[in-house]
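You will see subunit A twice below: alongside subunit B first, and alongside subunit C after that.
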Partner chain A sequence: MKTKFYLLTLILSLLTILSCEETFDPYGKFEEKYVLNCIVRADTNYQVALVSKSYISENLDPYSNTEDKSVQNILVRLWNGNDNVAILKDTIVERSSDDKYNSPYRIYYAENFQPIPGLPLEIEAVLPDGRVLSSATSVPAPINFLDTSSDTLIPPSKGDYIQVVWNSPQTKPVFILRLGIYYFKYEGGSKKRYIYFVPQNYVEHEGKFVPNYPKPITQSRFSFDMKTIDKAMELISAGESDKSKFEILSCIIEVIALDENLSIYYNTTANANNAFSVKLDEKDYSNIKGGYGIFGAYNRNYYVLRFKHDYIRSFGYIPGLTE
Partner chain B sequence: MKNITYFFILLFIYSAVEGQNKGTLRGLVTDSTNSEALAYCNVFLKELGIGTATDSRGYFLIPSIPANQNFTLIISYIGYHTKKINIKVLPNKITHYDVQLLPSDIELQAVEKIEKLVEENKTDISIRRILSRELEYLPKGVESDLFRSLKYLSGVQSAGDVSARFYVRGGASNQNLILFDGVTLYNPFHALGLFSVIDPDIINNIEFYKGGFAANYGGRLSSVVDIKTNDGNKNKFGAKASASYLATKLFLEGPLPHGSFYLSGRKSYSTEVLKKFMNNQNIPADFYDFSFKLNYSNQDFIPGSKFIVNGFFSNDKIDNSDPTIEDFSWKNNLFGFRWFFVGDSPLFLEMGLGISNFQGEILPQLSSLNKSSNKINDISMRMDLTYIFDSKDELWVGFHINQINTHLYIENLVDEDTDIKNSGTDISLYTKYKLLRFDNFAIDAGLRFNLASVSQNKEIMFLEPRFNASYTLWNFLTLKSAWGLYQQTLTTVSDEDEIINIFEPWIVIPEYLLPAKAMHAIFGIEVANGNTWKLGVESYYKTVDNLPVLNKDKIYTTDHDFIAGEGESYGLEVNASLNTPVVDFKTSYTNAYAYKVVDGKRYYPRYDTRHSFNIIVDLKLGNNWHSSVTWVYSSGLPFTEILGYYDKLYLDNFFDSWNSRDPRRPYTLIGVQNLGRLPDYHRLDLNISKKFAFSFMNLYLDFNIINLYDRANIFYFKKETGERVNMLPFLPTISVKVEL
Partner chain C sequence: MKSVIKLFLSGLLLLSIFISCDREVYTGFTEPVILSNCKIFVESNPDSASIYVDGKNSGFITSDTIKGLSEGIHYITLKKNLFKDTTITIELSSSDKKSLFIDFYNNPSNFGTIYVNSNPVGATIYLNDKNTGYLTPHNLTSLFVGKYKVKCNLPLHRSDSTIVTVTYGKIQSINFNLDDTSKWVNYNISNSELSSNHLSSLAADMNNVWIGTRDKGIMKLHGNQFDIIQSVNSRLKYNFINSLFIHNNDLYIATSGSLQRFDGSTWMDLTSILPDPYVTSIIFDKNDVMWIGTQKGLVRYDGVNTVVFDRASGMSSDFVMDIAVDNLNNIWVATNSDGINMYDGHKWKIYDMSNMNLGANLGNSIKDIACDKEGYIYAAHIYSIEKGELGGFTRFKDGTWEQLELNGVPANLVECIYIDDQGNKWVGTKGGMTKFRYEPNDGYFFNTSNSKLPANQVVDIIISPDGNLWIATFGGGLAKVKKGNF
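After this line comes the complex of A and B, so read on.
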């Protein structure tokens, strides 16, 4: 009996030991790396760069790190062509209250640096220890909207969609776009301006219309179905009985043209896994020499479409601009 | 070349002369209760001291038996009463006997003592023959599963116990040829690869070649899983219904005029248990599989013929009710027709037509994924002819023709389409000669001629030579070896870093790459004492050239999707088994090394395990009780170490200004690929089953516990959150089967 008891105790002890979770350290040897991010906008002369460094998280969860890793005392320079150089100043930016970091973050900025489309751009960040991060790109040329091929009025005189066509001098362009309906709403005796962004289509789910916004494209044209625009017009005043509080102004299509570096970077960062696949290692794209991050440029272009007044009135709204 | 021709001519003449006044004995061994063929039975002629084994179709053939003399034929098989019959063969003719064996009680499932060990097939190496009942008694996670059971074998690796996907001797999972009654099955997995699509209840036997497979198999580099299904009960109608936590099954079988049939269907009904497989994540999987088989054998219509028509259909959906999450669907459709012929000469002829179709699709809905779809159509025709000489030597000749169409459609993130269509024909002839006339020495020398290939690259390997040899040093000890070249023209677009992979499309290896080719070299020693115990040691060395690997450096759409890599693997496998009337004991140890070289970088693939050790103890407890215990150990799998994190810029919204919110999120910096090792893996599983026999039905209760001591085996580490994800936890399951 005693032997059986000891044997059972031994087996149970063994099973308990075996079932224990072995400690596991996923870390290799930590090496400090630096990161430079700068996306130059061609539609403004205010440019921003961020410089930070890599870190390690004690509890293996990188999101538990609340210390901002921005690096101070960096000499950041931007070249536009060959002769226009800007030395970026640094400043502190307060974070929103729901940000995971406790401290504000540091940005480097230039207030009067207007990039010239088509010309090369260079950046260089000299670190306190003398190491240099650098990169080069060029600003995409502005796109030209083709009035003859594009619609100008909503709804169009023929067809059940509106189409906007442009051309771009870029060889491998990627465009990101959005369509906004600009309108006023009368609230408490004054009118406030709002924008309703029109999706590519709506998917009905459990009685609600879930918007599906346009994805980046390489084609130099885009069309919106009139049914989607109709639905967007309806949803502007969803829940409001008094439709006359809404004064509809116009539709504006914004088209952002990315440079090649930014296109690639966007592709790698947005490359989503599906909900069930488990992917362990992935490629990290960077065009920064000496570190990580991205140096790219884009420009933003606008195209205005006007509404026909009858169309606006059919929803009970008031036209805000001339046809 | 001339010398070889003379050698074969002399062999032929010698065989013809020697055959006078002798006859050939042929037989078909079946189960007396349902007339199902019994594969790999021992067949022994007592007075002559010679024997053979039935093939996977239940046939045996013993040539050169003195004519007009009485002999005692002993047929023995595990789980059946040994049968002795008196036979007499006619001179210069084939004398055919149909033998039916009566199943013994479960507690007597051991081979009764026979006079001599009968070699199943002298030149076979790296092969494991599996019977359906062996699958039944292995511990199972939810459902008994063919591919999960293969992982208990030496040389078979996995990237974790969550998936049924398997890797053989360092080869990728797409290098395994899955043949379902002779037709290629392209995607043999249900529910994210957690289970195989093939219901074990329809399987008669499986031949699993881990390497060194002969010239009659082709098209894959690593392994062959050749599945033969049951014919259906020829004696009476029967039905089986069963239910597990995951699916319900129904199996119908019965006789037809001059034949029999079976119908089998399985449908998932609950996905609750799948949460245990996927870190408590809900998997809205919905699947079914359906198969049928009809066979017809009328001696008034082409005597010696058997005609078989079979079909297999599986369908899977991951159907999220949320439009913001993508859905998936994939399906297999197989259809086969075979004509098997045994005539008045020692000849086996099998001709087959098959259609295998796979379709997979990602339906992105409103998710960030893009639409993707894949189709593969494989129409095949094959002929296999085996002639057995009086000397026992065998000549095999055959051809395989596969008309293959693949279509892959992928939209990338910027709405650009990739539309890859390929169409072509693989035509292969093969021949092999099995020199079996000597008691202690055998050779299987074959050639596979690739006359045409679906590959667009014209530099295909025209000849695939295969060579197997065995030498019996003593009656109980045999030395075996194999060498061969292998070629593969199809591949999957799969990222080996995805350890759970739903969408794995098949394509023809692009024209800018040569078809992948492999070399196997195997050497083994087998020691056996009758059927009581067996010890086998095998070492292998395998190289793979032109290995298609996804190009992770692809940046531009014009960059190639694949680059060519290399593979190398070698190892040592030790297998031991002991069979007694009450206990069957099997154990195996593998010491393996696998490498890949891509872009000049040499690394361990995700499934490279240095040491693996398995023990399976199978107990027949009497009174229809049965139990098995399995312990599995493997040293840690490779993983890529974390070198730190940095805050990466995410371009979620170009239209907002930066100042409103820091657009950066933590990103993991990783080290050299797969240089680290996860902790060791081990697990104890238990199965207890009981058969309740009633006058009108049998009831089977099957109780399983996976991971009995709840070992926390790490599956992977979520770098983004620091969460450790473990493999299968303590998981008790029960299943019920009713047999009418």
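After this line comes the complex of A and C, so read on.
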């Protein structure tokens, strides 16, 4: 009797242990999700949207997938206010031969949709199964440069930096800047146009000047140190002994204003300047309802600065425009 | 005691079995998938109305299917230009596919009114070319929205019409200022089929008036019907017409690159007989010999033989501007910059500032020349500030030239001289036109201020066989003054 009891106890103990055994799936239950990406440009009437879907990779390397996951037969619409609407058409774009995907891009596009700043901007994608991906934003106001506060000539009449100031009624704005020196170079009997993009500064590393380009900013002004512009002017003709081959035209600053969505996206992905902030990975940010992705808008404007002829000649170059 | 232990151990084991696998695993927030599977097919009469769903433009127009609609109540609004917006509430449940039809014409709100008035009143109103039976002023009511052609007819006035767009619930007012055509009738590119307002020359036969233009060929006006004759629809070689002349019911056409004859059906090209294709003028003398002015000489053509006169033949210039024939069948030639040449059949006599004995330097550039039955020769000298030439209007008889002033118009800006069968002189200038019988100050003048002359630059004048006066202007088109009113 005693033996039977201990035998029964052993069986029950074994059952207890075995009953909890289960397989563990690291992915969890896979749910197919859809991704809508669209950045609307206010400086053009051609807009593009991409729709794709999530997938499980055969192995543990997500980059091993070569199948294009873009989705077809989707009704994609953009609204600017309640009346201005565009139904995006779909088309395919060939990929480069070295692309890892083996099928062309499938994009949705609108050819005549230029949003008006101030009006709400919405996107909606209706999938064949009835799922709806949507998002909303507003177009950033146009960038208006303040001529009275901005320099117009390089070098400036006062100070050792050039400054460009603009106004922006947008709250929490984020701006991206690019400054380019436009010039001609005589090559083989003809002249070709080039642009040299000026960094915010140069960092000297092992005898070389490494450019450090401007990061997105939140202020409505930006300054370029004349030393940096001097260095950029020098580097335009690096290695060329005949400086008269270079005809310098002007300096153009391109300022892009991001909408609130893109501003937030930028802020979530930007490096924080303190040790306590946690940086989000880009894939963690989404503002698409019913799926994943980014919907945003930006506006763009250009500001032209002219060079003083004496300044151009001081490098041995030829002035290309009137002062 | 043993039984108690056994019971305790058994209970412990059973409890272990029940609770050993109890666990909680956090799988994160699962967003519910909401499907918008409802569809609605929307059509309308008329079609092509914009479909709005819940106040937003769907981007589709009728007839079409709106998909991706969620369950619940939706407001479908159809918007079509001119019509009143129509909104229908529709409730959709899971995977519904419904249809909706809206007939705009069933809505009495989609009517409008046209108020038609005219000056003077009493004109008959036509709607889409149908006589309404109403006279102005009148309200045309209960009109569906859309475009209507409204025309007003009043005897002895030019009919006028316009396209009126009727919008729902609105009154569109139109007022026609009907042009009094009892005396003057003006034709231009806006009110007729005239192809250009920039005219150059006129000619008339028993049935037609022929109108030359600077850029659009020739028009034949018979009755109220214009026929356009251009290089693209006929054998006319150039659309730049310098001069037209009717002789024996044939039309002779001088252009910037040709001389052609047109008998109403057949074209003949005479350019090959000329020393230069730029033809300025044509005339026939009393022996039916044709004289042709070109840039490189004057041509005499009797139908068989051609004789070219130029500097080498005794003329003062090769560039002929105009030709006239006097009572004695002498040929008078206006030249571009070397005065007036007269040919008596044997020799040339030249008149210019050196021998015309005028008090002022009117200049040797002669725009036009004409001869009357009383034996006078009239010439228009071109004003040129560069050459210091004053320009002017001169007359010659019995070996003497005299300078004349014109009543009400600038004598130094004469464009054309026309002498009618009664001996009236009609002089067109850049500042209107004047008419006189014997002396310039015994007549009267027309311009845009004191008459219905459509433009002040008068480039040609004729009286057609039916007695109407025709005036070609540069910029204002054509004017007809009916017989008995001039």
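Some observations on this one:
To be clear about the criterion, the second predicted complex is superposed on the first by the 280 of 323 C-alpha atoms of A that agree within 3 Å, B and C clash if a C-alpha of one lies under 4 Å from a C-alpha of the other, contacts with A are read in each partner's own complex, and residues count from 1 in each chain.
FYI, contacts are C-beta pairs under 8 Å (C-beta built on N, C-alpha and C of every residue); 3 or more make two chains touch, one makes a residue touch a chain.
Predicted, not measured: the structure shown is a model, and the values here were computed from it.
Of the two partner chains placed by superposition, only subunit C is touched by A:126; subunit B is not. In the superposition on chain A, A:163 makes contact with neither subunit B nor subunit C.
Shared-chain residue A:31: touches subunit B and subunit C both. Applying the stated contact rule after C-alpha superposition, one finds that A:219 touches subunit B and leaves subunit C untouched.
Contacts of A:266 after superposition on the shared chain: subunit B is touched, whereas subunit C is not.
Shared-chain residue A:205: touches subunit B; no touch with subunit C. Contact with neither subunit B nor subunit C is seen for A:66 once the two complexes are overlaid on the shared chain. Set side by side, subunit B and subunit C differ in how many residues of subunit A they touch, and the one touching more is B.
Of the two partner chains, neither subunit B nor subunit C is touched by A:152.
When the two complexes are superposed on chain A, the residues of subunit A that touch both subunit B and subunit C are 15-16, 19-20, 28-29, 31. Contact residues of subunit B toward subunit A in the complex are 192, 278, 281, 283, 318, 320, 322-326, 328, 362, 365-370, 412-416, 495, 497-503, 552-553, 555-556, 606, 639-651, 654-655, 658-662, 664, 666-671, 673, 675-676, 678-680, 682, 684, 708-712, 714, 716-717, 719-724, 726. Per the touch definition, subunit A reaches subunit B in the complex via residues 15-16, 18-22, 24, 26-33, 35, 37, 39, 48, 50, 52-57, 59-65, 69, 93, 95-96, 99, 101, 105, 107, 172, 174, 176, 178, 203, 205, 210, 212, 215-219, 254, 256, 262-267, 269-272, 274-285, 292-294, 298. Of all residues in subunit C, those touching subunit A in their complex are 6, 9-10, 13-14, 16-17, 20-21, 27, 30-31, 33-37, 52, 55-60, 67-68, 70. Per the touch definition, subunit A reaches subunit C in the complex via residues 5, 9, 12-13, 15-16, 19-20, 28-29, 31, 75, 77, 79, 82-87, 124, 126, 129-132, 290.
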